């Protein structure tokens, strides 16, 4: 086995170790690399910036612990921004593993932002049905959610004053780990005419660009980068901005291994095969 | 009867919901009432469907324990943890809502969160290993894929701007700008084609279900 | 390097952090090789998740939307108010709270469990699935055509609007911002969409113009898949960063 073939057949545990070291190092010692913002995130920010605060924002907290590192910073930055503008935030969940995470976010808003539960923020909990829940919210928000997550009657909450259906809300911002974003866009957005903003995990974000370009959503935040951008826009760098250095090095590591693998392929196995075929052809001549 | 009745139900509910999209529901009472009833009912039926999944899982592990499989100790762990967490969530909740059950939240934060998050974070290692082993520029298409991936991976993170500055690439030729262009134009174009295809496919499948051509949801058997 | 207090063992919060850290390391041990610690954590995950979902489904949906409604209905029936029991007002009109009308989804839900109870009557579960899927399929037809096909097709030519003064004014766009690069990008977007759609059209043989469109389409698709791979890598690493942040900041209290 020559050096090139060895390069393309490193034991995968060394790959794991390299990933772990290069991602862990910036978490321990931040590098301070600058984060820049993009238009799709700025568009959500400026849409909320231009709201007058008379109607609440529906925040779709549709993610669980497996995607929380990307989406929790988005939720916190959005809540911080909305409350700073005097815009109440009404949280709902359409994913079953969301309530635990959403409850923590609400408790954070109460303690860190001095938000008053029921007035500045509210969390209606989770409901089975996704599509049917959104359609019912179009008829009346308290129809699928007669009580909030903490047992209070939804219609009695101060935040619900003057708010009956989804159309009485300023916008819906869905923070999605799955295809629930499509349902918000299809039903709340295109059918009911409610402005939609979407925050997605980076896995699904490329597919949401079609809705952004066609104007079906006002803006898009993709992954931890999108969260970091929003944190910067609201002047409150947090976990997402902290994670971008580790993100950078992690990407570099993967690219280096891809390059090594391709070098090994071209100069190793494939290169040897080409040489062998050439020598066979020369031998025939 | 065993086939015709479910097909008739699917047809009637499907046709009504499709029809209700085009009607001003607020002005036509009977449409609005049936529409709300169907949505309301589906929410509750959905819970039973989900509990079916839970029941199937518990039965599977109970059978492992009964048959004394080699890994039945792990089935004991599944059953025991299911019952303990259910008891904490159901029996220890006071009043009308689980939001006030701090013990349940503690279990969620210290068991569910680390287990779920770490399980998915393993993928970071596996994607690195898989990319190293399988990502080869064998032909033009694969090379295009690799180049686009590399530009987006570098351009979308802060180090992309640093590398662009070091290489004197600025404005529209910087790595972040090229990555942005890739997302806005070629990515959007291709994903739009896929979205249109998915939309047509969903419509066709929905029509087949309503008209009884697609019957896989009824399971096998007579 | 500053070490804050490592998570204490003797408080509920600290104990929880130690348990979370232990479980995190159990799962990470799989990276070396499969082992009993990983299997224990994996099966614990299944069990805890199941228990969690049982509780969440009950308190968030089953109780408020079914059990409470039925209880109110039986209570009204007990008072002799049959109309109220079935969610009707004095004039016989349907009101928001369904009360005993929820017997219908209850029955359909019980049909689903007949799979376990009675093989002879298990076919009744088909009615429940047909109902559920019929409702979802019906609403999906116009919604997916509108959102995924018609508006997307419109989006492909949307950007050209800015080059026509009348269209730009109607859409609220400023014709002064129309540039050559915008025209090129809009044209590329339209060509890319058409060629990628042509790639998935299998009803005609791939020759002539269609073959050329297929070639261009596959190039656009490959660039898009590369972009998706880049974003997928970003997503996976983000989750790993989240775990490291927990281990270093919350568990070990390391703060440099």
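As written, the chain order gives the labels A, B and C, with residue 1 at the start of each chain.
FYI, a residue touches a chain if its C-beta (ideal position, glycine included) is under 8 Å from a C-beta of that chain, and two chains touch if they have at least 3 such contacts.
Please read all numbers here as calculations on a predicted model, not as lab measurements.
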| item | value |
| --- | --- |
| Overall pattern in which the protein chains touch one another (line/ring/star/complete/other) | complete |
| Highest C-beta pair count, chain pair | B-C |
| Gap in Å, rounded to a whole number, between the CA centres of chain C and chain A | 12 |
| Between chain C and chain B, distance of the C-alpha-averaged centres to the nearest whole Å | 5 |
| Distance from the mean Cα position of chain B to that of chain A, given in whole angstrom | 14 |
| In chain A, residues with contacts to at least two other chains | 16, 19, 23, 66-69, 96-97, 99-100, 125, 127-129, 132, 135, 143-144, 147, 149, 191, 206-207, 210, 213, 225, 247, 250-251, 254 |
| Contacts with two or more other chains, residues of chain C listed in rising order | 31, 49, 52-53, 56-57, 60-61, 64-65, 135-136, 139, 143-144, 147-148, 152, 155, 189, 224, 227-228, 231-234, 237, 239-240, 242-243 |
| Multi-chain contact sites of chain B, meaning residues that touch two or more partners | 21, 39-40, 42-44, 46-47, 50, 96-98, 108-109, 112-114, 116-117, 119-120, 124-125, 127, 131, 146, 150, 153, 156-157, 183-184, 187-188, 191-192, 194-195 |
| Footprint of chain B on chain A - complex, ascending | 10, 12, 15-16, 18-20, 23, 33-36, 38-39, 64-69, 96-97, 99-101, 103-104, 123, 125, 127-129, 132-133, 135-136, 139, 143-144, 147-151, 191, 206-207, 209-210, 213, 225, 244-245, 247-255, 257-258, 260-262, 265 |
| Chain B residues within the chain A interface of the complex | 21, 32, 35-36, 39-40, 42-44, 46-47, 50, 95-100, 105, 108-109, 112-114, 116-117, 119-120, 124-125, 127-129, 131-133, 135-137, 146, 150, 153-154, 156-159, 161-162, 176, 180, 183-184, 187-188, 191-192, 194-195 |
| Residue ranges of chain C in contact with chain B within the complex | 12, 16-17, 19-21, 23-24, 27-28, 30-31, 39-66, 94, 98, 101-102, 104-106, 108-110, 112-113, 115-116, 123, 126-145, 147-149, 152-153, 155-156, 181, 185, 188-193, 196-197, 199-200, 217-234, 236-237, 239-240, 242-243, 246 |
| In the complex, chain C residues that touch chain A | 31-32, 49, 52-53, 56-57, 60-61, 64-65, 68, 96-97, 135-136, 139, 143-144, 146-148, 151-152, 154-155, 158, 189, 224, 227-228, 231-235, 237-245, 248, 254, 256 |
| Residue ranges of chain A in contact with chain C within the complex | 13, 16, 19, 23-24, 27-30, 66-70, 96-97, 99-100, 125-129, 131-132, 135, 140, 143-144, 146-147, 149, 182, 185-187, 189-191, 201-203, 205-207, 210, 213-216, 222-225, 239, 242-243, 246-247, 250-251, 254 |
